[in-house]
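Common to both upcoming complexes is chain A, partnered first by chain B, then by chain C.
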Partner chain A sequence: MTTLSLAAKSSAYSLAEGLREPAAASSIRRGAPDEWAREELLLRKLGPKGWGRVYQFRNYYEPGWGEKGRVLSPRALDAFFRFLEEATFAAGRTGPSVFLTDRGGIELCWEDPNGKSVQVEFTTTGAEFYKAATDEEGAVAFERLAPLARRLSG
Partner chain B sequence: MPEDNVLIPANMNDGFPIQIPDRLPVHIDPCPIVQAIFETRFVSPQPWATMPGLLFAEIREEYPEQKTLPMAQLPEDLRRQDPTLLILPLIQFLSDNFLIQLGPRVVSLATKPNAYPGWSAIEQELKWLVDRLKAAGFVGETERLSSRYIDFFDGDIFTGLRLGLQIDDKPLRGTQTDVTTFLRRGALSIRLQVTNGAIVAAKDGPASGSVLDVDAWFASMDADLFGNGLVRFAEAHQAIKGLFFGLIKPELLSKLNPAYE
Partner chain C sequence: MPLAQTEDIVRAVCTDKWDGERLSPSLFVGENISVSRLAVVPLPDHWELFRQYVQKPPERRLELIAEINVGRLQNIGLSQILPVALTVEPKPLDWNPAHAEIPQKITRGLANKILPELTLHHPPASGRE
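Up next is the complex of A and B:
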């Protein structure tokens, strides 16, 4: 053995027999360390349905989808997660919904405490929003995501 | 576009669980680095089938040899069903000192096993590769940009680390142990894996011992391969270096014969 196998496991070493994966348990899904926090955030803020939709968007939409063959923008997805960290959605209303947009962004829609819709689309450059209660619309850069989340969802 | 500003706190010991020394060695011997990998995950408007050709046309003079990896034999539909398979490379290009690995959503520069050439050589090769990737034209938006270092040690590394597993407040010793944790340091995410039950391909054949594996990365909003990519690789490298010397105990450090500037 002269080289390390990076192909199969993306790791340069192998674990001794006793440390290998235990028998699979179908009821337990262990998140990767780098993804667990975000998956937990999705479940907490968007529920199982929202979690499932984002999982699908991230993993099954290859180039060729969307306008001009665009794929879901990683930057838009990153912005979406950072917005979610700061957002608080009113309990008792219809849960937030999440969509892919034709230009490769991701959109979050929910109802405010008065049942009026709020929409935020995350793009490669920032976020565009619309608040039906005040007929307000606008766009913000990435640096303004946190205050926008607190203002729209509070 | 992401800025080039430093996104790692100047005083990284604020809230970070590992105390980073003020002075870091510039050289250690023996060098425990098995391999270092500098990876970019990306999205592309190009289909996978065209990517290897586009890249090879740009790098063939320096990387004349190519090797298809076993993962490429799996049907694409199968690879798509598992997110961990999606970001694995399918082909390698080899030069005398480095490997370039390419997959539908990933490209990386890796050092040859057990032949770490030093950071300045890596930095130079990364700069060259980023220019070549830009010319190849298939890398779109950056999804994740990382540096990863894998170190190997004889014996049980947990005796030499300020990290370990305890049972009833007593360190667990003499048994196979595998620890993985996830840390944040400013915009940098760090996955730290330590095991004392590894078998590694060493220069003289397979050897058993311990592995310290640190992967540090920036997410999409903070990294752009063709913008601040080289700066981010360097920041991640420096963070891993600090973490390494913050983790090891003085007794282990002295065995590595550190040299300071």
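Up next is the complex of A and C:
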């Protein structure tokens, strides 16, 4: 999804880009499409409800929310998106649910094809997971998120 | 002194832990989980207490109150392959004299055994916002 360029979207943007320093223009080209891609990914994998909840967690939960709540960690959110890119959720009665955890993580819950719960919490260091079918729980670092996504959601 | 097995405890469930279909297991994951004692403050009064001090509208709203018996909670902990002796310790706060905590670490696997045993109370019809 990084192929979307500002120049292709609007001639007004092309003119503005032409007036900028090359380094600044390239950083803008990289940033905006990534955010668009993330929004699209959220909608595609979690639907409007999941998209809306993530939006609220990112924008409206301030430090100290709840009892001892921490704001959503950018690293946890990054891990969440890395996982979502690789995950495939079986079409079921309800889509995956997304929650904000007190320590500033983001949690994804769904059911496997046999109706057994699967859960992953994304944290500042990676992810913690639980698979009810095998009563298996564990933790993985950032670099192991893609294999975990394929294993849990396939 | 830990709470007696006969006591019932509750925990506020707000929108960050409930999306209308599923309850977040993280509601009971971790250490020093905050709960509240029905023996000190009755359930109907907990709605107002949690609305005033726990929820933060418009985004974080109180949706449910989850209840479990202390003895039942302890039995779940002890029935694990690696048994956990859970206790509930009174920790009164200015805003909530019924406040208590579960000091032991509750793993995600154990939390998943606790969740199905919770009694979920929905807000009284007149109390909906």
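Everything below uses one rule, namely that the second predicted complex is superposed on the first by the 115 of 154 C-alpha atoms of A that agree within 3 Å, B and C clash if a C-alpha of one lies under 4 Å from a C-alpha of the other, contacts with A are read in each partner's own complex, and residues count from 1 in each chain.
Assume contacts are C-beta pairs under 8 Å (C-beta built on N, C-alpha and C of every residue); 3 or more make two chains touch, one makes a residue touch a chain.
Treat the numbers as computed from the prediction; the structure is a model and nothing was measured.
Put simply, more of the residues of chain A are touched by B, taking chain B and chain C as the two choices.
In the superposition on chain A, no contact is made by A:A91 with either chain B or chain C. Using the contact criterion defined above for the overlaid structures, shared-chain residue A:L100 touches chain C, although it does not reach chain B. In the overlay built on the shared chain, the residue A:C109 is in contact with chain C alone; chain B does not reach it.
Shared-chain residue A:E137: touches chain C; no touch with chain B. Applying the stated contact rule after C-alpha superposition, one finds that A:Y60 touches each of chain B and chain C.
Within chain A, the residues touched by chain B in the first complex and by chain C in the second are 60, 69. Taken in their complex, chain C has these residues touching chain A: 14, 16-17, 19, 21-22, 24-26, 29-30, 34, 54, 56, 59-60, 107-109, 112.
If you check the complex, the residues on chain A that touch chain C are 49, 53, 56-57, 60-61, 65-67, 69, 94, 97-103, 105, 107, 109, 117, 119, 121, 128-130, 132, 135, 137.
Against chain B, in their complex, chain A makes its touches with residues 1-4, 6-8, 10-16, 18-19, 32-34, 36-37, 58-60, 62-64, 68-75, 77-79, 82, 124, 142. If you check the complex, the residues on chain B that touch chain A are 34-35, 37, 41-47, 69-71, 80, 83-84, 86-89, 92, 99, 101, 110, 113, 140-144, 150, 152, 176, 178, 180-182, 189, 191, 195, 197-201, 205-206, 208, 211, 213, 215, 217, 219-221.
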